[in-house]
C-alpha cells in the first residue's frame, strides 16, 4: 500500500469564465463549481469588480476602494478546520509560488513581493485576501491578465505573454505539492526538549 | 484531477512477527517499520508482554497488572497534530470496527463492547490504550489470537477460526475508509446559527 | 469529595412531541427545550420533514432530497467549544451506541452501520448529520419509528416492537456514560516519547 | 435529570503533610495522592524547598534563587487538554480567589496582587507557577503559613490567625465553583456578528 | 533591540460619549472607533440600554430583562483568534482589575465579586458579558456612574467621587500590563513530566 | 496610544560566534543567549556539525547523514504556543525571505527554492528544520558562508560577497515585519458565510 498518494488538497482549473464580485468568497463555492469534496483550490478566468459590502478587507471598505480589473486569473481556496492565522501564512506562501512560477515562465521579469501582493516595476499585479467562514478558511488570489479599469497603476500577465491557463495549472500544481510536502515535513521530525 | 484519491491515513500489514512490549507505542515506530510517512496504522502478529514502567495505563500500573498474551494481532496507529480527546473517541470507533468485522467473519458470535474493550461470553478479547507523544496521538489495539498466559479470563481469534491476516487487512481497510469518510462528512455541511 | 459525579453532558427525554424540520438544529435549542445549561443531548418523538434551505447536508441539498418520516425518535446534541472533526467522530460512536442498544432490545435483529447511518435488511433506519454553530458542535440523529413517507426503502422501531421512550432513555444513558468514560480515559495515561 | 451536578474539577484537602520540593509539580501527582480521576486541585500543608533543576521558573533558575518556607499551604492543580495560556489566566484568577478569601477571613488585612503573587505590607505571602506536562497544564500555588527561611521579606497565615485547613477548604470550594460558573457562562450567550 | 516593547493589546479612552445598546458588541467596533488594528480595549462614557434581541446573555433574554443605566463607563474588548473559554477567564480577571483599581481610588470601599459582577453593599455596580464573533472573542464591561433607571438595586462611581476618565485609564493600563505579563509568564517556564 | 508598536517577535544578532551542533535547537536557547523574553529569532555565525542523535530530521537520521559546514549564518526561532503545522508554513515563508533578501543583495543571482531549501546552480545554500518542544515551535535555518566539508555540492554567501551580518540583520528585520503584518492581516477582514 506504500505508493498510495496522500493528498491534502485537490485542485481544478475551471473551463468556464466567472466574474469575481466578492460573493464567490464563501464556503462551498469551490465544491459547487468543481465537485471537489475536500480541501481545494480552483482557478478560473474572468473580470473582477468588488465594491461596497463585498469588500472583505476593512481597509479597502473604510476608504471606499473598489477592486476592478478587466480580466484576471482568479484562485479561490477553501481549507476546512484551519485557523485563520495559519491561513494567512499560507496565503503568503501562495504569493511566493505565484511569483516563482511567473519568474520561470517570464525570464528576466523583476517581481517584488510585499506581504501577499506582487508588483512589477511598482505596478500592482495582484489582489489577495484571506478570511474565515464558519467552517473553513478561504482565500482569493487574483492576478491581472488585463488590468484595464484598475484604480491604481497595474500590470497583467498579458504584457508578459504568459498564458493564463498554463500559468494557472502550474501554480495549482505547485501549491498542491507544497501543501503535501508541509504535511510530510511535520511528520518526519523528532521533538526536542 | 477529480478522481484523485484523498487519503487521511495509510495502512500496512507487516510480514514479520513482532513482540509487543509497550516500547513500540512511541512516535515514528509506524514509520520505522512500514515506511509510512503519513498518519498511519500498522498491523502485525506477535506475543504480548507489558509490565512495569511500560504500562501506559495508570490504572494497570497502580494495580501492578501485567498484560500477557501468547499471540496477538496488534495494531499501532499514529496520527499527528491530533488532540488526545479526539484520539480517544477514534479508538472507540476503532473498537467498533473490530467488533463489526469479527461479527461478519464469524457469524453468530456475540461480542460486547465496553468502552474500547471487547468481550465474548465475558471473556476478554482485546486490550487497548490511547496516549500522546510530543508530536502525535498514538493507540495500541491488541486482539488475542491465543490468549494463553492472560491474567484474566480471555479468548482469541483462533477459537473462532478467523485468520489473523485476513482479519487484520479487513480492519485496516475499514478504518482507513472510516477516517476518510469523516473528513468528507465535515466538509459537506452548512453551518447553522 | 471522591464520590462526586463528574459529568460531561446532561440528557433529557422530552415529554412533548416536536416536529423536526431542520430549524431545530441550532444553538441553544437543547437549552430552550430542556433547561440544560451544559453540554447536552435531548430526545423526543415527532414527525420529520426537512427540505430546501434547511438541509444541512449539501449532498442532499444538491440533489433536492427531502427527509420525510411519519414518526421518528429524534436526538439533538449540543457540545460547546468542540471541533467539528471531533463532533463527527462522536456522531459515529453515537450511531454505534444506537446499534448496540437496538441489538440488545431486539435480539436477532441484523443491523449494518455505514458511517453514521444504520440499515436493517438494506432498509434505512436512521438519518444523521453533524454541523457547527458559531459556539458549538451540534448533531441530529433521527431513528424511524414509522417511516411512512420516506423517499427511500426504510424501516422503523415499530416493526421491532421497541418502545421509543425506553429505547431513547437507554441510548441517552449510554452516550452519557461513554462521554464520561472518554474523559476518564484521557486522564489516566502516561505520555510516551 | 436536571438537578445533576456538572462539575469541571474535583478537589481534595490531604490529611498528610507533604514537603514541596518542586518534584510534585508533575502529571498525575494529584491523582496519586487523592485518587481524583478528573481535572483536580489538591491542597496540603508542609515545608517548601525548591532549588536548582526543580525551579520551573527560568527567572528564578537564572538567578539561582531558592524557594524556601518553613511551612506552607500548598495547592497543586492539574487540568487536562488545557492550553498553557489559558492556564496562566486561570492561575491569576486563583490568586484573586486566595486574596478574596483571606480578606474575608482576616478583616482589615490589606493585600496587594501583582500578577500571580500576593503581598501584605510589601511582604511576600505566596509563590506561584504554571507550566505544562505533555498531557495537561499544572500549577503550584504556595501560601506561607510560617515563612521562616524565605530569602525575601515574607509573611504567613499564622500571623493573621487563619487556620490553614479552613482556609484551604474555602479556596478549593471557591475555585471549583468559579471553574463551573465559567463553563456555564460560555454556554449561555448568543454569538455576535 | 532588547528594549522594544512587546504589547499584546492596545487601548484607547474615547473622547466622545456613546450610548451602549448592545449593537456595539460586534467585531471591529473597537477598530472603527479607535483606529486600533490589533487586539484592543476601548473605554468610553455613555448611557446604557439593552433589551430584546440585543441581549447576548440568554438568561437575561429568557427572563425579558432590560439592562438600563443612565450613565456608565463602558469597556469593549476584542481579542482575535482567542477561544471563548479563555475569554471568559480573562473577563473575570478584568473584573478583578476593576475591583482592585476602585479599592485603591476609593479607600475603605467594600466590593464583592461574584463571577464577573461587582457589588457594593449588595448593590450592583457592573454588567458584564463575553461572547464570540466569527473572528474573535469580545467582552463588554459596564460600570455604573449614575445607575438611575436600573431595574435592580444599583450603585455607581459618582457616589464614590471617582472620576470615570481617570478610573478608566487606570483600568486600561492595568489590563494591558496584565495581558502582557501573562505572555511573559508562559514563556519563562520549563515543561515538566 | 495609537502609535505604539505591537510586535509579535523580537530579534537579535549575536556578537559571539557559536558552533551549531543540533543541541541548540531547544526551548529557551534564544532566551539564554539574547535575553529575549518573548517569541524571538536570533542570528549568529559559526561552524555547523550535526550528526547521530542530534539529527532532528528522521530522513537524515535514517540515512546516517551528517550536516557539516565550515562556517554558516544560523537562525534559531522560538514561537510559543504555536502549532507545528503553522510553524512549518512559517519556515517556508522564512526561506522565501532569505531568498528575496539575497536576490536584492546579490543582483543577478539565480536561486531556486525547494520547500524550505535554497539552491544556487544546483548547489545547496541552506539547511532547515522545524520541530516542537513541549512549549513551543522551533526552527533552525542555516545558510552556508563557507560550505567546506559539506557532504553534498554546496555554495555559500562568501562566494557572492555578501556580508553575513548585514545579510542576517536584513533577514531578521524582514521576518519580524512579515510576522507583524500577518497579525494585522487577520484582524482586518470581515468573516464570510
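Per-chain residue numbering starts at 1, and chain names A, B, C, D, E and F are given in the order in which the chains are listed.
By definition in this document, contacts are C-beta pairs under 8 Å (C-beta built on N, C-alpha and C of every residue); 3 or more make two chains touch, one makes a residue touch a chain.
Note that the structure is a prediction, hence the values are computed from the model and not measured.
Contact with both subunit D and subunit E is made by C, F. Comparing A-B with the candidates A-F, D-E or C-D, the pair whose contacts agree for more than half of the residue-numbered pairs is C-D. When the interfaces C-D and B-D are ranked by C-beta pairs in contact, the top one is C-D. For the pair subunit B and subunit F, the distance between mean C-alpha positions equals 39 Å.
Multi-chain contact residues, meaning those touching two or more other chains, occur in subunit F at positions 27-28, 31, 58, 80-81, 83-85, 132-135, 183, 186, 188-191.
Of all possible chain pairs, those that touch are A-B, A-C, A-E, A-F, B-C, B-D, B-F, C-D, C-E, D-E, D-F, E-F. By the touch criterion stated above, subunit F contacts subunit A in their complex at residues 25-27, 55-59, 61, 83-90, 92-93, 96, 100, 113, 115-116, 129-134, 138, 178, 181-183, 185-186, 188-193. On the subunit D side of its complex with subunit F, the touching residues are 58, 83-85, 132, 134.
Taken together, the subunit F residues at the contact with subunit D in this complex read 28, 31, 80-81, 134-135. By the touch criterion given at the top, residues 1-2, 4-8, 10-12, 27-28, 31, 34-39, 80-81, 133-135, 183-184, 186-191 of subunit E touch subunit F in their complex.
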